[in-house]
């Protein structure tokens, strides 16, 4: 199968869906000729014109609000938020407006829009361009949240996000834009709420999201060389979350580590760990561990920044201790 | 149809309003928009206008009165005559709670139904030893409880006076429930109440005004809705093991305590169950030791029992000192029927007790399963014994200097800590002052 | 607009329009009187904000719109909802949290929406719907649809940054949106002059948006300007900004009764007695011979009766089934549309 970059995969998904549905359009800062700073959208304005690939002023609440209004009245806008850190700027439009229209109207109004943005540290971008803030939106009923972990997921999830009748926040790992993965040429969509078992194993389940799927896979390879069989699962969407697949795996392996690049405190890792605890308690042979980003603003200095994100070595170390039956009181 | 004049909701967080003045009197003609009365709320005075025209009638609230929002305070009728119907007032007057519920629980130290057994969530009050108003000291027996078929005497725990007894003999009270109050001062009006009346004793919940007779409703519901408190697991006996290891051990009939006995380090995980399964089959007595043992000892003077044995042999013809010991041990269990195995001089005799007097003791069938083992080691050389839990609690009597050393060993499952303490204390008391046994 | 009270056929086609405008204003006032009563009587819970006094704004503008045109509304939104064609029954049901309400009782007074007449909903965030209105206009332009969107907001909302972001984009992209600023003189409990520096219309003019400031108590004036601006929007000449000078008779919300610290009873009385949009228009109708006093009284009585019936209906109506509590969190998506090749 051909291999393309995550960036190309997103671009393909957008182009296919914009051909497929004339009510779709892209809205954001420097999305047209510039094709965004990450060049993910390059070429789209040539095909669809500036009417459907619209450069906006630097007014995040404004253009997200505009997208909500367009979606509410029959279009399917795809908003490009240049950095995930800017989610803070658009919280009212996203959480008070987009997320609640369907419910407040008793099901009469819907907001079929996509907000695509990114996450991920270790790009030396400092504290305001490196955050992984998906938990903020995952907390809000009415929003769906997809976290592609490779080019394949990026394309399939984006196509589903655009066709879904709800506001969907899809967050790409900005360090992965140039990573290649096999992506079929034929059209495909990845349904929301279906986790992907990336690797089967019997001793421990490593649940990774987005950037952390690669980390979990690398940890699994380290563990394999030591005779520990790790199962790696990528939930792909955290809202909705495919609990069944996660529970089935944990019931089998009896141990789990949840790895996510958001801050660990009150984070995605805690949420998933808690559900495993509530629903698979009597199958657990060890505490479910959380491994999130350190609870510090992301530092600039490379030496410091690299400490803040879970690494395969640290995941493997924790997995080893869990499998050895050590009494773990996680740091 | 007459229009209701209501106390309006005017402020953000307002639920009543005070009528400052009426601008109209009953029977006065009023027209729509005219000010009817003035209300004070949130520190502001506000005129309330008539919502229609007619005559003011049925005024039920006077100036100065504080009225709940939404309450009808008057009507605007087509004629100046009273309609005579003032439904809201009659309905909304809070129902007077009956006497039993209104008598407040006096202040003082709370006495609760203790958790005495492992999986016990209620205790039957057999008898109160004190009456309301009685003085009481902390160490005095306040009541007797039957739980798990045994009867336990419970101390008052506090010095003072019985201010309230909140359950009657014969009633079963949930563990943790307050069943008596001991006040420091002599109560003026001590309370005696049955548990059944208690549902209404809790302060009446603020029920929506529309709900009629809220007090009765909550009375009938309260007993069922009371959460039953589980007896706390015995502290210290907790084995550290994963949830899955515990579940599988339970399913396979394995006893994690055996890993403890064998010295395997905790916490236990599923892989440790393999070790557990490979251990040599336990004997019957070992199998029942599901939890680590309790070991208690007490020392008493030997004179009391010695003199009693002499007296019993002479005066009552009871020459069998062993049976006396068995009777003391059996009655220390605090239950009506008990089987005691007496091991002395290499022989085991089984006694059955059917009451609390010496004459209630008889030798029983050797097959009868004992509730308690008693080892009479007074004439041996052992100075201490710690043999570990067996299939029943074991009381041992050893000689220690001029006195006797009494030990009780049992598993945590057989007796919880307080029951074990009670048993040994009781036995020690009887051994030291045997006459007490006859009283 | 089946919900509107039918009036006798008159000779001039304008006559119908005038009577309908009058009817709609009275329907708003009557709705609010009833809503106020429901609140005062403790029958309606929560917060509500009365539109009484501002009727000419909503009616003057909405009478220039079709059902296909959209509006976004505010926390003080009952007037917009009635003016855009909503029915009493569904509105009262919504106010009382009943299942037959426009939003099945899930929205309430501050989130009432009536999509069937193009009302995208009230918004309880001050200034919260400015993006939505502008987005609706962008959608119309992109999809080649000729509807116009009116964004209602108050003077207080001009302090929100969102307004300037979206006006900028609306002007850049020439969107068919009319920003209708209902200046009732008070930003909640504070005089507008204390919260707004400079001129309000100048804010729009800075973006090159044509702006107007007019008497919001004159329904004919409001309607006349609105018709022109709507037509110009359809002709790709938007956006526009209109400041409508008006007055709210009640406090910021129904519980705001002690308001002399921010405005005098004398001032309130002056607006009610001398500048009431309904009294003014009624006088004009009689003067012009469009309706007689008796006809108008009959009309008023009919509306009162309609409201009374709707209130009684809503009071007796059922609450939503408790099973609805977690319904409508997410919209359904037809699984077939999620298949490749579709």
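Brief remarks on what is shown
Order as written gives the chain letters A, B and C; numbering starts at 1 within each chain.
Just so it is clear, contacts are C-beta pairs under 8 Å (C-beta built on N, C-alpha and C of every residue); 3 or more make two chains touch, one makes a residue touch a chain.
All figures in this text were calculated on a predicted structure; none of them were measured in a lab.
In this view the innermost chain, defined by its CA centroid being closest to the centroid of all protein CA atoms, is A.
When each chain is reduced to the average of its Cα atoms, C sits farthest from subunit B.
Computed centre separation for the pair subunit A/subunit C is 40 angstrom, with centres defined by C-alpha atoms.
Note on chain placement: the centre of subunit B and the centre of subunit C lie 62 Å apart, centres being C-alpha means.
Here the CA centre of subunit A is 52 Å from the CA centre of subunit B. In subunit A, there is no position where the chain touches two or more neighbouring chains simultaneously.
Across the complex, subunit C meets subunit A through its residues 70, 72, 101-107, 111, 113, 115, 120-121, 123, 125, 128-140, 142-143, 149, 161-162, 165-166, 168-169, 172-173, 327-333, 337-341. Residues of subunit A touching subunit B in their complex: 254, 281-286, 325, 327. Put simply, subunit A touches subunit C in their complex at residues 22-23, 25, 51-52, 54, 56-57, 59, 61-75, 77, 92-93, 96-97, 101-112, 141-142, 144, 160, 163-166, 186-189, 191. Taken together, the subunit B residues at the contact with subunit C in this complex read 6, 8-12, 14, 41-44, 46, 51, 69-70. Listed in rising order, the residues of subunit B touching subunit A in the complex are 240, 242-247, 266-267, 269-272.
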